[in-house]
Amino acid sequence: MSALLPLAQLEIRSRRGGTCESEDGFCPDWIADNLDRYVSPLLEHVVLTVASVGIGFAIAFALALLAHRREWVSAPVGALTSVLFTIPSVAAFLLLVPLTGLGVLTAIIALVAYTQVFLFRNIVNGLSNVAEETKDAARGMGLTDRQVLWRVELPLAVPEILAGVRIATVTTVNLATLAFFAGAGGLGAQIYTDITFRSNVVVAGGLAILLAAAFDLMVLGGQRLATPWRRATAA
Amino acid sequence: MAARDGGVTDLATGGPFAANAFVEAIQFLVAPRESVTGGVQVGGVDEMLTLTANHLLLSFAALAIACVVALPLGLWLGHIGKGEFLAISASNVGRAVPTLALIAFFIAFVGIGFLNVLVALTLLAIPPLLTNTYVGVRGVDRDAVDAARGMGMSEPQIVRRVELPMSVRSVFGGLQLSAISVVATAILGPLASVETLGTPIVSVNVYGQPGLLGASILVAALAILIYVLLAVAQRGLTPRGLKAGRSDAPGILRRIPFLQRQGSAQPT
Amino acid sequence: MGQSRDLHIFDDAAGRAYPREVTAPQTSPNSEAVRPRPQAATLEFRSATKRYPGQEDAAVDGLSLTVPAGEICVLVGPSGCGKTTAMRMVNRMIEITEGDILLDDRSVRDRAPAELRREIGYAIQQIGLFPHLTVAANVAVVPRLLGWDRDRIEARVRELLELVSLEEGTAERYPAQLSGGQRQRVGVARALAADPPLMLMDEPFGAIDPINRERLQNEFLRLQAEIRKTVVFVTHDIDEAIKMGDRIAVLRAGGRLAQYASPAELLMYPADEFVEDFVGADRALKRLALQRVRDIDLWSAATVRSGEPVDEARRKIAEADIDMPVLVDDHGRPQGWLSERGFAGERVRPELRSRAEPLVELDDVLRDALADLIESEVHYSPVVDSGGRLAGVLSLEVISQTLHVPPERARTGPQLVDPAPGEDDAVSAEVEPA
């Protein structure tokens, strides 16, 4: 049974050192010496985020295309994503453990569910916000429905879709700090194991924030590259 | 759910247990039992009610303070049309700071206890409220505001009678987001010695697996309930004229024009 | 003279001005000799009907008409008359309920919609340019769908942008960087990209301000004189219909055809009260814009040269429609109206009553000529041919006869042209209508 208790799996590492460490202080020297212990949690965090957003995007994309074709799908799926997002992540991770076991898979399942609220909605909105006259012109010129979707609607929805990806990614980095409740490690596990030690909290928490910012900038950069027409203003 | 055939195999232990785990979790919520460590009675309706009450008290207090701070600020900034960067960045920054890191910063640098956790949760609740209030007010038809001014309304009257009612939908969207994240983060309260529904989760060595799952079920139900109640309240407070033609999708869904797509054929 | 003012005139490549109604038949033999005849299709509506489920009245009810290849057919009518629906049935953006539409004798219902649409140019009021594509890429959409190779597409894009008078640099810009008029031109270029035999245009200039609309209309007519496509043009504006159409189909509510005729016929013989109301009370004036001076029977005047025997001059005056002789130079170019004093001796002396103004040309539209007459406050105006020689005399009476103005409207006519008192009184007083 003990394997079911994720917190029991956390590896408590003793910290040895001078007074700064023993007084839970903020110790630059300790940080410099112990940076390596944050490497694998950081990598775990990156994997959790990328995998969740990637899988989440694939699912949301498929659902959104379905909703785009069959409008009645939108409302129930949208409502479902809202409700899923409402469930506190700690509870979601823990409730999934008896079903899918401890580990990265469980964490990813929950994180994927959380991305849907942003991804599904933004893809659907992006597609339906394409101006009616643009679609009409496309059809009138002889584009098939599939061509209208891939050559007109999707490219024009890119800004809104990637806006969804940005929010989903940053939110996932945030929520993944609690993925250790599903036994999936990450930077959160590092924070949790030594939550009173300032050096540890600053480094692990700071890395999580930096990671979120880095992902955000990456998607933003991708968005600018993918939508050159948005920068073109009336001359 | 997937508990037919006697449950799903546990990846870690290899034993079937899932159905049992949830049954036990429910039992934990209704009937006290001896703790894992022995000697103490844990679980049962009484303790759960106490923890739920604590959880709600902490959450509501944080939300109330956040409202007091963020609503006037958001309304004011939105009304004068300034501070967009502040109002929008607030929720971007808020999203990027992990809730666990926020709690941990408070524990490590400020201290433990109800007040500290309350402050942390308030900080968490402010950004969505601020951003959504600002966006809601900015989204009010400027012609309507202009007309109100032209009819001789004072600026505070414009905010109260025109901008606030017309941005109810957006404000409540923010309130829902804030409420969700406060209720979820209050689970971490026990780390700072504040008893909440997170107690059986954090102190799993005392409460055991059923306590952990039972508390999870309870807190998930609580979050959904609060979300739904806010959605109902929003519907009640939204001026009737703004509801016309909107979908009946719940909560933040409503801000998105899901059901407003038109058909392609538009005969003259 | 007044050409540049006229709303219904456009300039051709040589800079001449003439109304298009008469131009089209005239230029086609020439243009055929110069360039290969571009493809154009014949379009036929055969009792085409559109009914929407749950609606009692048809949107388009048994529409039958034929648009000959290379002509512009304007569908016009009040809102809700089904004109857009009728147009959209052609490329199957809206499916036909009953009846048929044939493109070069082939039913559009037998064609796959997407394939059919690639062969039909499509321009709409909102233009619908793709904001994420450059101008060049927008124009290249259909050629790409048709699998043209890169060089051909590039050449075609360059050709089209030139054709619609867009600068070279426009090609790489995005729609957001263009003015409304430029966007509309790109829309037309895009519709023409694959050289379609048929163009559908739904109020293509509707969203443009009046001055630019005017210009775009003229440009399109100039273009059409060159490319000679079959065009179905939808508008709610009767003036635009008269200006743009070789033929006009007036539709009434319920999608029923009220009249299908040439602009002149429509103005002269409205089929019923609805059409009469729709074309407006000023239809007589509108018709003036459709006719040129050469199209009507002018009066003749005696042409007298200086030094000519007076007897001979008087004989010529007696034969002419009006008794006012025109003094012409050796090349037959009018110098002015000859005064009685010029006949004092045996030979005609160049004594002018007044100068030969306003001078009207045979190619002028009647509307301009009338404006000149009114502005100059005279009853008569000499008309010259392209060589400047006198071809006849235009008068308010001539124009009035041309119009066959109904009696109740004729009364307002003369008031318009009552000569103001002044130096021309003497001239007017001597004039007797033939």
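All chains are identified by letter, namely A, B and C, in their written order; residue positions are counted from 1 within each chain.
Basically, a contact is a pair of C-beta atoms (placed from the backbone, for glycine too) under 8 Å apart; a residue touches a chain by one contact, two chains touch by 3 or more.
Small disclaimer: the values here were computed from a predicted structure and weren't measured.
Think of the whole protein's Cα atoms as having one middle point; the chain whose own Cα middle lies nearest to it is A. Chain centres were defined as the mean of their Cα atoms; on that basis the chain farthest from chain C turns out to be B.
For the criterion of most C-beta pairs in contact, the winning chain pair is A-B. For the pair chain A and chain C, the distance between C-alpha centroids works out to 62 Å. Look at where the CA atoms of chain A average out and do the same for chain B: the two points lie 19 Å apart. Each chain gets one centre point, the mean of its Cα atoms, and the points for chain B and chain C are 67 Å apart.
The residues of chain C that reach two or more other chains are 93, listed in rising order.
Along chain A, residues 135-136, 139 each make contact with two or more other chains. Those residues of chain B in touch with two or more other chains are numbered 264, 266.
For chain A in complex with chain B, the touching residues are 1, 3-5, 7-8, 24, 71, 74-75, 78-79, 82-83, 85-92, 94-95, 98-103, 121, 124-125, 128, 132, 135-136, 139, 167, 170-171, 173-175, 177-178, 181, 183, 187-188, 191-192, 195-198, 200-202, 204-205, 208-209, 212-213, 216.
Taken together, the chain A residues at the contact with chain C in this complex read 131, 133-144, 147, 152, 155-156, 158, 227-229, 232-235.
Chain B meets chain A in the complex at residues 1-2, 7-13, 17-18, 21-22, 92, 95-105, 107-109, 180, 183-184, 187-188, 191, 198, 201-202, 204-205, 209, 212-213, 215-217, 219-220, 223-224, 227, 247, 249-253, 256-262, 264, 266.
Of all residues in chain C, those touching chain A in their complex are 91, 93, 113-120, 122, 124, 126-134, 141-142, 145, 173-178, 187, 190-191, 200.
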